[in-house]
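Chain naming follows the written order as A, B and C, and within any one chain the residues start at number 1.
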Amino acid sequence: MLDVQGLEVDYFSGTSSVRATRGVSFNVAAGTATALVGESGSGKSTVAMAIMRMIRPPTGDVVGGRILIDGTDVLSISDREMREVLRNRIGFVPQDPTTALDPLFPVGSQIAEAMPSVARGERTAKIVDLLSSLGIGDADGRMRAYPHEFSGGMCQRVAIAIALAGNPSVLIADEPTTALDVTTQVGILRLLDELRRERQLATLLITHNVHVARLLCQHVIVMYGGVVVESGPVSEIMEDPRHPYTRALMDSSAQGRRPREPLHTIAGQPPTLGDMPIGCPFAPRCERAHEVCRAEMPDTTVQGARIFSCWNPEAS
Amino acid sequence: MIHMLETRKLTKTYRLRRGAEVQALSALDLMLDAGETLGVVGESGSGKTTLSRLLLGIEAPTSGQVLFRGTERTQFEKADHDSYINAVSAVFQNPYSSLNPRRRLWDIITERQAIQGGVPRQARRARAVDLLQLVGLRAEFADRFPHELSGGQRQRVAIARALSQDPSVIVMDEPMSALDVSVSAQISNLLLELQAQLGVSYLFITHDMHQVRHLCHRVMVLLKGECVERGTTETVLGSPRHPYTRGLIDASELRSLDASELRSLDVVSSTTQ
Amino acid sequence: MALVDLVSLRRPRARARRSVDRLPWFGIVVLSTFVLAGVFGPWMAPYPPNKINLGQSLLPPFFAGGNAEHLLGTDQLGRDVLSRLLSGAQVSLLVAVGAVMLAGVLGTSVALVAGYLGGRLDTILTRITDASMAFPVLLLGIVIVALYGTGISVVILVIVLGAWPQYARVLRSEVIRVRGQAYVTMATVLGGGARWSMLRHVLPNIVPTFLVLATLQVGLSIVAEGSMSFLGIGVPLPDASWGNMLADGRAFMRTAWWLAVLPGVALSLTVVAANVVGDWLRHFLDPSTRTGR
């Protein structure tokens, strides 16, 4: 399972640094899926990269908090131990499947690379098993094929195979279906759902698409400007959002709107890291903002199973 | 009846090495009139990108015709070609590669005027400022470079550029695919406003059924180079007849499908790949 | 190390902002000295550079036991090294600038045409480029000198023949990369022809790579001139050039080290300066390190 506590990440730029995430806390239990929802600049990708300890000097660094994977704080272990964790406990599914695979090597060998602890003789059998279970027919033949011979959806299945090769307990999927055709997306989503249940994976799904989040996940974490603005059970949050940003996000989707009727939009743009407002990061664009919002970061309110961070939340 | 933009049996075949051929577009008929938005829906391999390239003159068709206000393109005189370029403009998908990073925004927006010549720089810059304000950006953006803008702002600049020649039609190839949801909504609203204000038509290529419902009067669905369904948006989205259309709508809605529908979806999608 | 490695276009924005604010003084000072020496050298020289004075031969520089009359010493024929360095600067300057510019123009043109227009023309031009790279240019130089005698023009010609394919090959890839960008397609849609796109869109966007190549070539040209002098087909003696001073001085490395080392130092400083200034220029021209505000 995955437990993030008070994560603070900085990016370095010249001699100064900017805070990319502030006090991010959440956990993902085994066998459940949590969506990390946010737009560009929200900090969601930063959180994922930080969990895998891929944010290091000179680009940036984790400057506060803890990240526990199956009980081990990965921020306090050595590089060698972290590589071990990445091999055997975390699986990562990247956004663009076609560039995630090395075009020069057959897919089978790339999956094999991800299972170094398996004896050479047993690898082929394991790879064939893995590929077939992920819906790739004729796995024995296909494992010798090169990435360019696969379609986008198939490449993503191979990428998932690589992620699962080390038998991880945590699966991090970064916008796994954004680069795929719409009809392919459904298949991949169903696959991720099955895998979560069969292997009891703690799944962290990073996405900007709230509908994907609702379909696949039990919990959702909404991020804006580096901060968690709301989190809780997915249906509760989406049907009855408390935080104005969450509400605005639900409203700006074109789903369910009448034809040719203007959509609800959020005026302005998300803040850049260097330009973060004091107080609540959403205040400049929020219709419900008061003076206190612009001066002070809101406290976190716990309400049943959900958490939100707002001085002036939406009514129920 | 004379349509503003029309294609008749438009076909494009690509020849690969070893004698193999790919039929990117097969005998496509299409009509677009003033002030309306026609949605062209398809996934990769459907021929939608080929269609836009043919309409924009980037490539020539293998056979078939493109007609503008009743005149066939191959019959164009020199002046007609110029008029066509002015009348049919474009907005591309990727806001990060559609603007020359080494030029200022006013220069980018009025490139058509620069190509045609005869317009002094000051006049071009003034026009660019007008267009920037039309798409919701402040005048001071005129002297900026693309890297200073976000994705949504860049797409607005691309739209401003498309409007600079007073077009009758704007061909848009997945203009919101690379943008965040809330930004996408802003652009969508902008397009509606501009159409109401200026009466410009859109040929809107997308794979997103929600955008179709929001923006398009009529829609056509492409599969492997052929149109498998067409009609008004209400009809096609409300009661789709072709299974592929149904599959696209279901996938966009992300409703859970039962096993048999899912299996038939797989067959369709694997043949498009 | 392949040229391709050297021209990878990483743009560290934060760092660039600092170097744009701080002019590359070292590079500017050295290059200015070089240019001044090149333009005014012969007149600034304390002695006529070719004047032979056998009684004063092989005097060391003042910091190595010599006297103030010959600050940097004399060579085996008693000619003043400082004077020769100054007048030699002129030759080297001409060679470096001339060769770099001509090779650059030729190579870039070929790259533009081949990369943008593609097809048969591309195939032909690429074959010519590859053949030129394989060609023993120095041998050709010997033939030319045998037919037409030595001189700066011959030196420049030979260096250009050897250098232009580098530009052509590397820049062709860049041209192809830029051609694939949506803004170039857009220019076609807007009615801009091949010439419009090549000059307005492609050329400005391959400038960074060009600058990296050009600054490298400055040093390589001067050294190449030296090789040619060594073979006897360079700048004709007795006129000095840094290259032929290097070549001649090799024989005296044990007895009069300054004869080769001093021109070598001048050359190294110039190359480093050219690289520093070229790098700064690349950042300066990059819009992402400056704003319109």
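The working rule: contacts are C-beta pairs under 8 Å (C-beta built on N, C-alpha and C of every residue); 3 or more make two chains touch, one makes a residue touch a chain.
What you see is a predicted model; the values in this text were computed from it and never measured.
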{"item": "Relative to chain A, chain with the most remote C-alpha centre", "value": "C"}
{"item": "Leading chain pair when contacts are tallied as C-beta pairs", "value": "A-B"}
{"item": "Centroid distance [mean C-alpha coordinates] between chain B and chain A, Å", "value": "31"}
{"item": "Between chain A and chain C, centroid-to-centroid distance (C-alpha), Å", "value": "51"}
{"item": "Computed distance of Cα centres, chain C from chain B, in Å", "value": "48"}
{"item": "Set of chain A residues in contact with two or more other chains", "value": "none"}
{"item": "Interfacial residue positions of chain C with respect to chain B in the complex", "value": "181-183, 185-192, 196, 200-201, 204-205, 287-288, 291-293"}
{"item": "Chain B residues touching chain C - in the complex, by the definition given at the top", "value": "56-58, 81-82, 85, 89-90, 92-94, 97-105, 108, 111-112, 115-116, 140, 143-148, 161, 165"}
{"item": "Chain A to chain B touching residues, read off their complex", "value": "39-40, 151-154, 181-187, 189-190, 208-212, 214-215, 248-249, 252-255, 257, 259-266, 269-270"}
{"item": "Of all residues in chain B, those that touch chain A in their complex", "value": "43-44, 150-153, 180-186, 188-189, 192-193, 207-208, 210-211, 213-215, 233-234, 247-248, 250-254, 256-257, 262, 265-266, 268-270, 272-273"}
